[in-house]
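Chains here go by letter, A, B, C and D, matching the order in which they are written, and residues are numbered from 1 within each.
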Amino acid sequence: MSYARQMLDTYSQPLAVDAGLFAAAIEAASDCAQACNADTDADLSEQNLAEMVMCIRLCLDCTDICTATAAVLSRPAERDLSATRQLVGACVAICQSCGDECERHAHMPHCRVCAEACRRCERACRDLLESWK
Amino acid sequence: MSYARQMLDTYSQPLAVDAGLFAAAIEAASDCAQACNADTDADLSEQNLAEMVMCIRLCLDCTDICTATAAVLSRPAERDLSATRQLVGACVAICQSCGDECERHAHMPHCRVCAEACRRCERACRDLLESWK
Amino acid sequence: MSYARQMLDTYSQPLAVDAGLFAAAIEAASDCAQACNADTDADLSEQNLAEMVMCIRLCLDCTDICTATAAVLSRPAERDLSATRQLVGACVAICQSCGDECERHAHMPHCRVCAEACRRCERACRDLLESWK
Amino acid sequence: MSYARQMLDTYSQPLAVDAGLFAAAIEAASDCAQACNADTDADLSEQNLAEMVMCIRLCLDCTDICTATAAVLSRPAERDLSATRQLVGACVAICQSCGDECERHAHMPHCRVCAEACRRCERACRDLLESWK
């Protein structure tokens, strides 16, 4: 079991959201930040660099937004739900854009893996937002 | 002149937004992340810790969201405006909440300074969002 | 297989270090950042807050240093090995201190899980440093 | 006066280091993270992308390490000096490498500004390390 889930299971206060959905979003955002960071580096090693510029830009944004999302969701105590919801919304949006762009380069194995990480994070964050409605 | 403004002035491509507003938001978010981080530490040194818990929680979120906002805005090339707008919206929301909470402890000098940093960032991010409409 | 390992396996250039050791350090640092972030929040919900202050401070540092370590290691291209080695060294040091402090509170389930995450990251980063010698 | 300095001046406990040196390092690391982030984006807009790859890689590392350094130094309470010192050492090393590389492109205004930010951060972090001896 992931640390994210283990930590939620030790949490002494009631969660506003199902622990499984919560843990899935934390793990997906953390993994997506990692994959996008790695994809930035792999893109920079490609021959046709000019074609990779948009992919690099989106990966950089996706890394920053997923890192912040994973960090904020890792502290589940309730405080400002409006800010958190907008942050998770930003995460859905950037994972969609970055996933679309990476899919356009799916013949490159690193972009195919990154696209998968983005799709999984987009879905997990959407599910979390749905359950908060 | 700040590095943020200098970097924007060297930027070779047209900006979607006035450089002054852009630089103000970057600097305010960067400064607010720093002030909230410092306030977390100062709160932890207070005697009446139980009263500071909400302030610490909000400062932690404000640090993470302002850090991501400053990072994303520092790369001004256009790519996914929807994600950026939601991120800046999250920044406005958390700066408002964190600023309100810090103002409740304004008799503590560290919370008074932090409240000021939050208010400035909230305003600068609102101004940026307005100009993007 | 983790994304970290998958991304390394798609990497087009030779790695300076065994991919398994590299992936283990990336995953351990990323997981440790998450666990320390969650532990900060759990510590703030404890009754005996005054006893948790050092644990919170160390968790905050461990989160920041592990986040940077995971980010830098995720981009495996060679560039400045001296900076990376000192960063990984800082990660070993803070994981040791934070793990020691969390172990002192191992009767609290959240600190027990966090101690485990710190120990695993300390080991993985040590192994990486050894293999770079 | 910067928020970093104001926050240090409100700090209730004695600092291990002169507040001016401390504030200078925090501000320089925070500014350098911003400048390197902006330079990454500007590099990606250059025609001769292949020549900018090393600069981009170093700017990405410098951003991550300076961000962590600014965050950790912003919480001045004493806890694990060994980890902090190694982190600041990593910051000196990456600022030196990134500043050297940016200076090689000093005919590009964005790299000239970024080199200046790196030099200032390198100096401020060296001064801080000296005063900790």
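Points to keep in mind about this one:
One rule holds for everything that comes next: a residue touches a chain if its C-beta (ideal position, glycine included) is under 8 Å from a C-beta of that chain, and two chains touch if they have at least 3 such contacts.
From a predicted model like this one, the values you see are computed outputs, not experimental measurements.
Shared contact partners of chain A and chain D, listed by label: B, C. Looking at chain A and chain C, the chains that touch each of them are B, D.
A comparison of the B-C and B-D interfaces places the larger number of contacting C-beta pairs at B-D.
When the contact pairs of A-D are matched by residue number across B-C, A-B or A-C, over half of them reappear in B-C. Per-chain Cα centroids separate chain B from chain D by 19 Å. Centre-to-centre, using mean CA coordinates, chain B is 27 Å away from chain C. Counting partner chains per residue, chain D has residues 40-41, 44, 57, 60, 67, 71, 75, 77 touching two or more of them. On the side of chain B, the complex with chain D involves touching residues 2-4, 6-8, 10-13, 26, 30-31, 33-35, 37-42, 44-46, 63, 67, 70-71, 74-77, 108-110, 113-114, 116-117. Listing the residues of chain B that touch chain C in their complex gives 40-41, 44, 49-50, 53, 56-57, 60. On the side of chain D, the complex with chain C involves touching residues 54, 57-58, 60-61, 64-65, 67-68, 71-72, 75, 77, 79-80, 82-84, 86-87, 89-91, 93-94, 97-98.
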